[in-house]
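Presented sequentially are two complexes of chain A, the first with chain B as partner and the second with chain C.
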Partner chain A sequence: MNTSIRRRALATVLVLFAAAAALFAYASSHSTTVANGAGLAPAQTGSGENLYNGKRGGTLTVYDSEDFEHLDPGEAYFALDYEIMYATQMPLYEYLPNNSTTVSPMLASGQPIVTDGGKTVTVHIKDDVHFSPPVNRLVTSADVAYAIERGANPNVANPYFIPYFGDIVGAAKATGGPIAGIVTPNATTIVFHLTQPTAILLEGALSLPITMPVPESFAGPLDKDKPTQYGTSSEVFTGPYMLESTAAGKFLGLGYQPGKSATLVRNPNWNPKSDPAPAYLDRININIGGASQVIGLQVLKGSDSVQNDTPTNANVELAYTKYYKQLYAVPGAGDHYVSLDNAKGVFSNVNIRRAAYAALDRAAMVKVAGGTIVGEVATHFITPGSAGFTQSGGLAGPKYPWNEYPDGNLTVAEKYMKAAGYPSGKYTGSQSVKIVGSDNGNSPEEAAIVKDALTELGFNVKLVLVDQSVMYAKYCGVPAAEVDACPEVGWIRDFADPQTILYVPFWGPAITPTNNSNWGQVNNPQINAAMVAASQVVNPTAAADAWAKVDDMLVDQAVAIPWIFDDQPNIESANVRGINDLWDVGEWDYGYTSLDNP
Partner chain B sequence: MSVQVSLAGPDVTLGMSGEDAGDIVARSPTALFWRRFREDRVAVASLIFIVVLVIIAVAAPLVVKLFGLPGPYVQNLNLTNAFGEPLGPSAAHPFGVDGLGEDIASRVIYGSRVSLEVGVIGTGIATVIGVIVGLLAGFYRGWVDTVLSRLTDLVLCFPTLLFGIGLASACALNGCFYGLIQPGVPVIIAIVVIFGWTYIARIVRGLVLSLREKEFVEAARSLGASDARIMFREILPNLAAPVIVYASLLIPVNILFEAALSFLGVGVQPPTASWGQMIAQATPIFNIAWWWMVFPGAALLLTVLAFNLLGDGLQDALNPKAD
Partner chain C sequence: MTGFIIRRLLWGVVLLIAVIAVTFMIFYLLPSVNPAILRAGRNGSPKIIAEISKDLGLNHPIYVQFWNYIKNIILHGNFGYSYYYNDPVGGLIANRLPATLSLTVGAAFLWIVVGVPVGIISAIKRRTLLDRAAMGTALVFVSAPVFWLGLIALYVFANDIGQFHVFPGAGSYVGLTVNPLKWFESLLLPWMVLSATSTAIYARLVRGSLLQVMGEDYIRTARAKGLSERRVILKHGMRSAITPLVTVLGLDIAGLLGGAILTEGVFDIPGIGRLNIDAIGHGDVTIVQGTVLVASIFIIVANILVDIAYAFLDPRVRYE
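Now for the complex of A and B:
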């Protein structure tokens, strides 16, 4: 290249870069009014909101960077899927948006009746609920029975059928056909017979999507496909809204285009007298895809829209400082913790686990996650809003030395390292510690804090960051991968029963070779026995106490390191009167949301 | 007018005395190269930049200490606001801090190590392999050339970035090949080597095909020189110039490749500082933490530009006829 041409090219590139950098810096000049370390007043939580003073009409636009996993009530087990399910279907029971502890009858006409020492549960259903076209007819108890029974069909494979419905007589061996323990003596009555007195658990489970009625005449042929086509291409609905469908009930390509959009329209057969939801909106358009940062800015500065994902920290701050009324931080949105491999490696030693617990700066992890607006430092595993939370010590948690210092305490940590057989207080062994974290959002920083804490204790730490789905599917959820710690595993309760928070993640027999949710491979015989005993307590108050005791045992054994009780931040446009479901990690409830100027 | 000639050695000087005297100096190829290179100020500036960068990378701990900066892995969450967002440039942190309160200037300095390791070492090994393959293919021709050329074509067909992502992901936790390739920088160097040798092999093969027909090769053969001697003592020195030029242009490509892998999350793992990884982490909050992206981005830009301009300058200096 000719020298003078090269010089001109270089000068041009450098000038362009300097100009771009200056423009960048100017455009993004940002001064936060929130000083470092200043205490923040809480954001709105959504609780106490008036659910019934909205205006009818209008179209809401929902921006969702993630797609749904399942739209079949028999398969859905994901917070985003629940948003569609509970707007378009009627389960037996449901939590009202501003109540995360007590269910209200939805398809059921009253509370469940428990008899036979907790081994029989009877539910009566309403006689004025219809399916959407093309089925149109009245919903009967047989439709609810079929909905639950199909959960055992391998083509449906409901993920919580065995944990929550497995005690129904005949359910353990069911494969999709009739289950002996589910009886429908008439069109409006359904009776569950249990092998054990676990009625409390079943009652809670009756709020899950699997209880949303499914007509066998319509779904049966679709359920013969693997996977079922019910909820994949076609479906009928009982709620105020439905996925826009053809006359034959097919929504794929019309009301749902995978990866692109979904559209909810009014269900012509919905009976407003049998559903407490006011259903103000005429239509909900869901746009799938896009960058969260950009979506957030669009929603805050635009109109008629909400963001369905967790906003970035930057947008949470922007909303808090400039659009306060458009931000909610919904409590009880689950928790996150650092799983520690209890079965193998360095963390199989309880004192080393206690040392790691004491050393970790949990407050720093909450700060990088977004600060006190998005959560509080966790001190045990039962989350706020669930029975047993207060009995577990509330926000302060159980009183153990390793649990007393949210900012981390190296002195206490070293004390437990000494108890583990390392007189210097630091690890001097040859094993390295493998940590696998997520590379999404703030997770890399959270993982770096965990690594820092373990390094201070003398461990040689190998940290790998991968996509969140890979983190679970290939590493943390696979015992054979021998990962010592996963800093960002989390759990959301299935319903307001502490068993749904503690059982699957910490019960020994729940360990599976793949898709394992007991990430730490916790298999403590005393804890296992305590859980089984707690699951059979019939009295709700006594059950909460029993599960609180299990929670205490988990912290005592430092099976994992809880670090945040999540609050879910949500943002909406200025003219949207959004209602969050406090029981479902704050997801938008389309049955109650409205627009100020439809 | 008299002419004085000194035949003492390579530096032959012809001088002319008298009113119109001027020195005509015959120089060696090396001297000629340096004279032409020195005249190119852009190339010289690029070389100086690269030398300074190498010194900074090698002496990173000293440089950081000299500037009074904290180490690259020192977390200080007091330097983030209540929402966990980093604070901008200040006297104590001239380039600002990142989401963990780590000093960005310090991390940019340490990040140069990763870029140079991958760029220089990866390119060096790939160059050696490419030269050997090209030399053998061009010299022997026949079935040797066929096999090696087809192998080259096969490797060229692989989608480099996708394969790199896959390999880096697969080797992320426990390394690969029974631990021979460890996660992090070694994996990236391995990927650069696996895919980087092919272009040099092709170029060298083409040059060797023409050089093997030259008289000096025929002369060496007629004197009884072995194939190895002909290849490495006769032909290889003539390849030095183009190989050096091409290698210098390959270095910035590999630096960008490492940055791309780290940006995608499969390169160097945190907390090891890498420019690409820093840019990736800054992307979600680019609108409020511009420093986190701009400074590592500038470092990457200037480094790649310097190597490219150096390569250009070397080409001009080594082969002026190419102009």
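Now for the complex of A and C:
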């Protein structure tokens, strides 16, 4: 190589280095850590928004990289599905978007009447609500009864029928036919007779989509299909909007194209006088699919649009720094915790669980998840905005030594290791610890923090990362898989009753060999008894106290390690007056959302 | 030739059955999710899961399920039912095929009309600045992942999020029959992105192949006979040089017809690739099997067509 070529090569290398350095400097100056930073203004939460100052008209575009699961009110059990359900149907009761604790009558004409010591619930319904075409007729109490009864039909297989409606007389053995404990004495009255005084839970459950009326004459033939075709191909509606449908009520291929789009239009039979939703928008076009990163930018830089699913961390940071008014971080979107196998293995020892709890740097996990915009460090299990949260210590949580240090405290942890029989404060036994986490998003990093904490305590840790659905279906939800810890499990309330947060994941008798949601196999007799007692308290305040006590017991026993109270980040275009449902993990409420310039 | 085609078709059928069997086995041997559990939802009880398993035929032994699947495809053209969408898989694939077809055909057209001439010019102008610039650019596009290239293209040229509002952005796809002009506009950027890598590969392939051919004796003979350089290159040189290109082209197009997963994902084009990737996420085995089967059919048919084309393009190739 002669001198001139060498000089040219050197010059090229220097130019490339200079360019790389310039790019790095540019990137550094434009990157932010605001999501994790302290002392900055928190993102808007959506609480206390005026629901009735929008303008009528216009078309909202909704970008949604995920598809819906079910559009049948009897099957829907997913936050995105609920968006469609509550915009197109009227349940007996519903939480207003800015209120997650008090239900308002929707199809019902007033509050439920509880009698017989909490064993009978009577609901009167409005007499001016009609079904959309082609049914067109008035909704009656029989339509509500059928809607609930079909939940037990295996072709519908409502996922929460037994937990919330199982105490209705005859419901436990129902298969879709009439249930003895549901009586409709006239067209506007429905009465529920319960086997136990669990009226307070049923009252909350009457806000779920299963109470949205379904006409048997229309849905009955469709319910004979396996699975039902009601909500898959055809449906009738009672809310302000409906999926665009043919005259025969078929929406598949028109108002809903799987994996492509959904279109909501005004329901011609909707009666605005019987529904508190102002229904400002004329039309909602939901675009299904696409890369989340691109969608987020389309929403932030574009107009008339919202992103339906969770934006990427990069877009949340961008919104926070450049489009602050277009970002909401809605609290009460559930929680996440590290499940610990209470039944066998090292974590069957309560002091080892407490040690693990104390050692874990939960603040670091929240930081990895996206920082304070996407959540707070969790200190117990009842989530913010739910009855019992304050009674259980609020954000500070119950006062136990292992719960005092969000950043983790090895000294406290070692104290409990010693109490567990390890004088050095480190584990010296022969058992290894198997952790199974999700390989999606930030989860691997979060799982690594759990692994590090346990390794510091002397455990030999094996970390397995799999797809999130596999994590639940093959490992964490299968007791026989003998997983010691799952760092990514979480729960979202079904409604504001704390029973819906604590019952399924921590109630011993609910443990099943597959599809188990009591991931830590928590089966503590005292906790079980306290849950039974709390579920039968009729007075709402006393019930909240009783569930807060259960929450305290769960932390005392360190049955799992709560690490984040999730907030739901949502982004909208500058001209959208988006309204978030505080009760539905912050999802958009199309019944109240409007455009500034329709 | 007829016997050859029949033999190839029969082997194609055998290969298809083997592909179905392998795909089927993958979902039973690897840790996927029981569709009945997915269908039953978050609180699905063991009773409900068992009931759904029975309805879906998942309670039968694997060989019975496999036999039923094959039987339904061959006798009824039935690819099964999607667990997630509750829809026939055949219908879902047919619904998505036009978008994938539009994307693939347009991109293939683009990479041929750009890649082949660039390769020829590079070969003719070997070691000139033009050649180096063309091959240097080709190297960049060969190295660039299509997902990254797609995002960069959107950030620069999309009319919603780009710096220069030139092309319609992600999610703008409309069907050809709905609005031909919008269909064309919406696919311009995806075509360019999808064809970029292939254009580069084809340019390099044509250049290398042509350079090799141009050194052959029969090219020297053609020149000696006084033929024009254009005729020597296009008639004698390219005819030989294009043979390996046909092989790659057939397989490339067939592969993309099975779904250009990344391009469809970035540009939000509802094609077979996106259907497939969504189905993998949902654990929707029947859709994955259906899309794999369709992709296999395309590849096998393309292989047969390539073999036949060989006979016409290269006089040295003859089939008994």
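Basically, the second predicted complex is superposed on the first by the 562 of 598 C-alpha atoms of A that agree within 3 Å, B and C clash if a C-alpha of one lies under 4 Å from a C-alpha of the other, contacts with A are read in each partner's own complex, and residues count from 1 in each chain.
Operating definition for what follows: a residue touches a chain if its C-beta (ideal position, glycine included) is under 8 Å from a C-beta of that chain, and two chains touch if they have at least 3 such contacts.
Computed from a predicted structure; not experimentally measured.
S.K.: By the touch definition at the top of the document, which applies to A:Ile162: first (chain B), second (chain C), both, or neither?
M.R.: After superposing on A, A:Ile162 lies in contact with chain C but is clear of chain B.
S.K.: When the two structures are overlaid on chain A, which partner does A:Lys399 contact: first (chain B), second (chain C), both, or neither?
M.R.: A:Lys399 contacts neither chain B nor chain C.
S.K.: Is it chain B or chain C that touches the larger share of residues in chain A?
M.R.: B
S.K.: One more residue to check, A:Lys462. First (chain B), second (chain C), both or neither?
M.R.: First partner only.
S.K.: Contact-wise, after the overlay, does A:Ala369 reach chain B, chain C, both or neither (first, second, both, neither)?
M.R.: A:Ala369 sits against chain B, while chain C stays out of touch.
S.K.: Once chain A of both complexes is superposed, is A:Lys451 in touch with chain B (first), chain C (second), both, or neither?
M.R.: First partner only, chain B.
S.K.: Mind working out whether A:Arg56 is in touch with chain B, chain C, both or neither, as first, second, both or neither?
M.R.: So A:Arg56 meets neither chain B nor chain C here.
S.K.: According to the stated criteria, A:Lys344 is in contact with first (chain B), second (chain C), both, or neither; which is it?
M.R.: A:Lys344: touches no partner chain.
S.K.: Where does A:Lys226 make contact in the superposed view: on chain B (first), on chain C (second), on both, or on neither?
M.R.: Second partner only, chain C.
S.K.: In the superposed arrangement, which partner chain does A:Val316 touch: chain B (first), chain C (second), both, or neither?
M.R.: first
S.K.: Do any residues of chain A touch both chain B and chain C, and if so, which are they?
M.R.: Residues common to the chain A contacts of chain C and of chain B are 293, 466, 470, listed in rising order.
S.K.: Going by the contact rule set out above, which residues of chain B touch chain A in the complex?
M.R.: Chain B reaches chain A through residues 40-42, 73, 75, 77-85, 87, 99-100, 169, 172-173, 183, 265, 269-271, 281, 284-291, 293-294, 298, 301, 305, 309, 312, 316, 323.
S.K.: Considering the complex alone, what residue numbers of chain C touch chain A?
M.R.: Residues in contact with chain A: 31-34, 37-46, 48-49, 51-52, 55, 82, 84-87, 92, 95-96, 151, 154-155, 160-161, 169-171, 265-266, 268, 270, 274-275, 278, 281, 283.
S.K.: Show me the residue ranges of chain A that touch chain C in the complex, using the header's touch definition.
M.R.: So the residues of chain A touching chain C come out as 63, 67, 69, 75, 77, 154, 157, 159-160, 162-163, 226-227, 229, 232, 252, 257-260, 287, 289-291, 293-295, 297-298, 301-302, 466, 469-470, 473-474, 504, 512-515, 517.
S.K.: Would you mind writing out the residues of chain A in touch with chain B in their complex?
M.R.: For chain A paired with chain B, touching residues are 1-3, 6-7, 10, 13, 17, 21, 24-25, 27-28, 30, 32, 34-40, 292-293, 312-314, 316-317, 320, 364, 367-373, 434, 436, 439, 441-442, 444-445, 447-449, 451-452, 462-467, 470, 475, 481, 483.
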